[in-house]
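Both complexes below contain chain A, partnered by chain B and then by chain C.
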Partner chain A sequence: MKILGISAHYHDSAAALVVDGLPVAAVQEERLSRRKNDAAFPLQAIEWCLEAGGIEAEDLDAVVFYERPMLKFDRILTTALRAWPQGRGAFTHAMKNSLGEKIWVRGLIQAHLGVSRKKILFTEHHQSHAAAAFLTAPTTEAAILTTDGVGEWATLTVGRGRRTPGGATAIELLREVRWPHSLGMLYSTFTAYLGFAVNEGEYKVMGLASYGAPRFAEQVRKTIRRTADGAFSLDLGYFEFHTTVARSYSQTFVDAFGPPRAAWDPIDLTTEAGQRYADIAASVQLVLEEVLIDLTAALHRETGLSDLCLGGGVALNGVANARILRESGFERLFVPPAPGDAGCALGAALYADRVHFGNPDRAFPDHPFWGPSLEAGELARIADEDGLAVETLGEAELIARTAADLAAGRILGWMDGASELGPRALGHRSILAAPHSAQTRDRLNRDIKYREEFRPFAPVVPVEQAGAYFELPPGGAGLARFMSGVFPVKPQWRSALAAVTHVDGTARLQALPREMAPRLYDLLVAYGTLTGVPVLLNTSFNLAGEPIVNRVVEGYSTFRRCGIDVLVAGSERVAKRVWTPAEAAGMEIEA
Partner chain B sequence: MKKRGRIQRQLIVFSSMAGSASDLARGLWKGGGSRRWIAPLAVFLCLTGAILVLAAGVEALAPFIYAIF
Partner chain C sequence: MLSALSAVHWLIWRDPRRRAENLLRFAEVEADGGRDLVRAAEVTRDPVLRKLFLKHALDEQRHADLFRSRGLALIRTLPRDTASGIAANWLTPGERGLDDLRVEEEGDAALLAFLHLSEASAAREFANYIAVLGADPPTRTVFENVLHDETFHMTYTRAQLDRVAPKGARRRIWMARLRRFWKAYLRLASGLAGLIGAIVLTLQYFIVLPLFAFHARRAAEKEAAGWSAVAPERNGRLDRQY
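Take a look at the complex of A and B:
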């Protein structure tokens, strides 16, 4: 059975093709259109998925959209009318936004793909999140928690899933919290207040939180009240996201927390204002963690299960995930590589396959690499036109040369195989560097990533060695395989891993099993043999404001526009300059 | 994928609208007394959307949109 899943129209649109119960291809539109967080109907992603699967649109048995647009329109309309008359601006905006294309998804799919009406299915938004979290996790029975800004009406759901290998699958969502009471919107409101872009800057709030003390936690707790049934409700007096498009926080909010930060104001942590922003970030982070821990601990008591699957955009908060693992009572926590809306394309297709059509369960490959692959010889062709010499190396020599480059302090663009689904570079489209020196971090921020200095970089380490360098709780390595948890760096290694140790002594590590990305794993081992520390700095291969690179040409363009020293794509290597033997032998390791 | 012209695509979207709008109205009606009053407004808005989609696809109709409003 061939099923195409689609997510679109709000942020991070994507398409995924599932054939006979297993994914064949999945990619975000932004990787192909080269527009960051592209929310357009993902025509390029659909075309690529069909091409990768070797099928035509008419061969599809079903096309599944990841949410119910009419139910969403119902919520938008009801919310706008409830806010009338002061919400008339929001009403006009919402109608303009929705009526043109967003609610006519069935017709849009028919028009573009030419499939018949009866082949077009819809799942609910949080069902897609739940399926993306549970059906891709290495577990047969788990509690499920999904939480994000909002889907149709639900902003958070709890439930449980059960699958029998080769047999039936059940996903049951037991309860939900409804709009406008939303953990995602709470965090996004603080993101906007702190001057960052909503749906993009939440990472920055999490990074900034480590520099602050949660001295505003009591004020934040006043904005989100706990209810008798264990859930929560926002005090809407602090918010305006449900009544206006102009801003998401109210004057009451500003009275409680002080003047908001303008997006163009630099964050200087040596000033009182800068420290206040960090303290507010720390406070909302703490309160988010408290609520999530209460919810997950209650879910653990209710279900008695040992595994928990987390979905929705809030599941990208690695600090909260690590606390949930430590404090909720669950033994294992699974977060998919794309817990946000992009992953819903895959979730919707899997939900339709297992639940709607009742197809038997299939073991899911535990990796995130479902995107376009590299073309052999592409780097040689492009670099040759540009006048740079490319070397094509055997596997052993490539790994040895690359490890030597990294040990010599060079910064490396690394492209390997198929690209990742989701916002994180997990070893196939990465910038790699030695993790030892704070100067490397500063150079990456200044010359390559062009981003705020308070944002940390992540380490990657072979899973077997992760416990030697990081304080992982039981189940921590599993959570860290997709870089989904933030854990302390062992105190004795913090200075030797300065480039990847955040100000609070933590790191959002990737604990890499060899079967997931064998070449990167071998590179880590080779680097460890050279330097004694098999850890590398791993950050996404892109520049600020751009999507992660997809094809070799984009990797090469990025390599040429920033301070990356060496680019490796498949078995081909190109460097910006030739190093003398003395330089090549120079080791810049402070470990 | 089969490439269709803009007009053809918009006409396909237009032809699917009645079903989608009736799904919405039916859902609101089943939602009970407190939500039934939204159903006529939702249908009106969907019709407005239909006109907008049609006008965007068939440019010859655009001048007549002013006459409707």
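Take a look at the complex of A and C:
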């Protein structure tokens, strides 16, 4: 059975093709259109998925959209009406915004793909999140918690999933918290208030939190109250996201927390205002964690299960995830590489396959690499035209040379195989560097990523060695295979891993099993042999404001525009300049 | 006419807050244009153009940085909470990037013609701004720096157009000019449509919807806070949009 899943129209659209129960292709539209967070109907992604699967649209058995557009419109309209007469702006915005293609999704899919009406299906937004979390995880029975800004009406759901290898699958959502009460909206309201872009800057809030003390926690708890049944509700007096599109927090909010930060205002932690921003970030982070711990601990007591699958954009919060793993009572925590809406394209297709059509369960390959692959010879062709020498190397030599490059302090662009689904570079589209010195970190921030320095870089380490450098609780390595948890760096390693250790001594590491990305794994081992520490700094291969590179030509143009020294694509290697052996020998390993 | 226009420019650039906001907005536009040029470099099969587009992209990125740092410097000299003036964005377009051009769908010649015109009009605009910025030498210097590059961009795109389309260069430029007019018309028309739409919808909101609003509110008040059960039949039904 061939099923196409689609997510679109909100943030970061994507398509995924599932054939006989397993994905053959999945990609975000932005990776192909090269427009960051492209939310348009993902025509290019769909076209690529069909091409990769070698099928035509008419061969599809079903096309599944990741949410119910009419129900979503109902929520948007009702919200504007409830806010009458203040909701005028929200109303006109919603009508203008939704009355186009956004609510006529069935017609849109029919028009673009020419499939019959009967074949077009709709999952609920949080069913898609739940399926993306549960059906991709190496577990057969688990509790499920999904939490994001909002889907149709639900903002958070809990449920459970059960699958029998080769047999039936059940995913049951039991309860939900409904709009406007939303953990995602709470966090993004603070994100906006702190001057970061919503849906984009949330992880900056998380990074900033480490510089602060939660002295506003009591105040934050007033904005989100616990209900007697163990859920929560927002005190809407502090918010405006439900009445206007202009601003998400109210004057009451500003009276409570002080003046908001303007986006262009740099955060200077030596000033009172800068420290206040950090303290507010620490406070909302703490309260988010408290609510999540209470919800997951209750879910653990209720279900008695040992596994938990987390879905929805809030599951990108690695600090909260690590606390859930330590404190909720669940033994294992699974977060997919794309817990946000992009992953819903895959979730929707899998949900339809297993639950709607009742197809037998199949074990899901445990990796995120469902995107377009590299074209061999491409780097040689382009670089050659530019007069740069490209070497095509055998595997062993490539790994050895690359490890030596890294040990010599060079910054590496690394492209390998198919690209990742989701916001994180997990080994196939990465910028890699030695993790030892703060200077490397500063150089990356300044010459390559052009970004604020309070955002930490992440390390990658072979899973077998992760425990030597990082303090991982039971289940921590599993959570860290997709970089989904933030854990302490062992104190004795903090200075040797200065470039990847955050100010609070933690790191958002990837603990890499060899079978997930064998070439990167071998590179880590080779680097470890050279330097004694098999850890590398791993950051996504893109410049500020651009999507992660996808094809070789994009990696190459990024390499040419920033301070990356060496680019490796598959077995091809190109360097900005040639080092003489004497020079190379003279370069110290920064340790 | 010209003096009337420079009077308008003078008015717009006189207020330091608006000047700062314009600079920050220009920074965004330049960065956007830079990304479009990166895409152009990635798409073209012509190695000479690839090199030039990459250099051009780096220039636009540098312009973005120049505008941003000058805008920030200006903002820091202002008292914190002064209200911003009426934003007259359309009066100071600056550089328009590639004007929503889908770089992938253009041939090299069409793209060069389009770029040539954009750069020429940006150069004209910036020269106008320089003329009225006498009272703010640092901002003026930024524009002079940028103008220098824009002139180069204008020249190289024309020269390359002659190289890749030696016969049809003039025709290409005319076609690009027509498209620019058409895009400007579309912007105006959709702006106008948006305005009319907003008026009609606002009237609807206040005249037709109060009764519904009353009901929606009553319903909201009855809604219990906390958990809502998910009806079992909702699990697994995929045939509905609502």
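Assume the second predicted complex is superposed on the first by the 585 of 591 C-alpha atoms of A that agree within 3 Å, B and C clash if a C-alpha of one lies under 4 Å from a C-alpha of the other, contacts with A are read in each partner's own complex, and residues count from 1 in each chain.
FYI, a residue touches a chain if its C-beta (ideal position, glycine included) is under 8 Å from a C-beta of that chain, and two chains touch if they have at least 3 such contacts.
Keep in mind it's a predicted model, so treat the numbers as computed, not measured.
For the composite obtained by superposing both complexes on chain A, the positions of chain B and chain C are free of clash and fit together.
In the superposition on chain A, A:T78 makes contact with both chain B and chain C.
Of the two partner chains, both chain B and chain C are touched by A:M70. A simple residue count on chain A separates chain B from chain C, and the partner touching more is C.
Judged by the touch definition given at the top, the superposed model places A:H356 against chain C, while chain B stays out of reach. Looking at the shared chain after the overlay, A:I46 reaches chain B, while chain C stays out of its contact range. Chain B and chain C, viewed from the C-alpha centre of chain A in the overlaid structures, lie at an angle of 60 degrees when rounded to the nearest 10.
Using the contact criterion defined above for the overlaid structures, shared-chain residue A:G114 touches chain B, although it does not reach chain C.
Of the two partner chains placed by the overlay, only chain C lies in contact with A:E554; chain B stays clear of it. Once the two complexes are overlaid on the shared chain, A:A315 sits clear of chain B and of chain C alike. In the superposition on chain A, contact of A:A57 is made with chain B only, not with chain C.
Closest contact between chain B and chain C, by C-alpha atoms in the overlaid model: 5 Å.
Touching of chain A by both chain B and chain C, each in its own complex, is seen for residues 69-71, 74, 78, 81, 95, 103, 106. Chain B makes touch with chain A in their complex at residues 1-2, 4, 8-10, 12-17, 19-20, 23-24, 27-28, 35, 38, 41-42, 45-46, 48-49, 52-53, 56. Only residues 24, 31, 35, 38-39, 41-42, 47, 50-51, 54, 57-58, 61, 68, 71-72, 75, 80-81, 194, 197-198, 201-202, 205-206, 209-210, 212-214, 216-217, 220, 223, 225-230, 232, 234-236, 238-242 of chain C touch chain A when the two sit together in their complex. Interface residues of chain A facing chain C in the complex, by the touch rule stated above, are 34, 64, 68-71, 74, 78, 80-82, 84-85, 87-88, 91-92, 95-96, 103, 105-106, 121-124, 127, 157, 159, 171-178, 181, 227-233, 259, 262, 264, 266, 351-352, 355-356, 382, 385-386, 545-546, 551, 553-554, 556-557, 560-561.
Listing the residues of chain A that touch chain B in their complex gives 43, 46-47, 50, 56-57, 69-71, 73-74, 77-78, 81, 95, 98-101, 103-104, 106-108, 110-114, 117.
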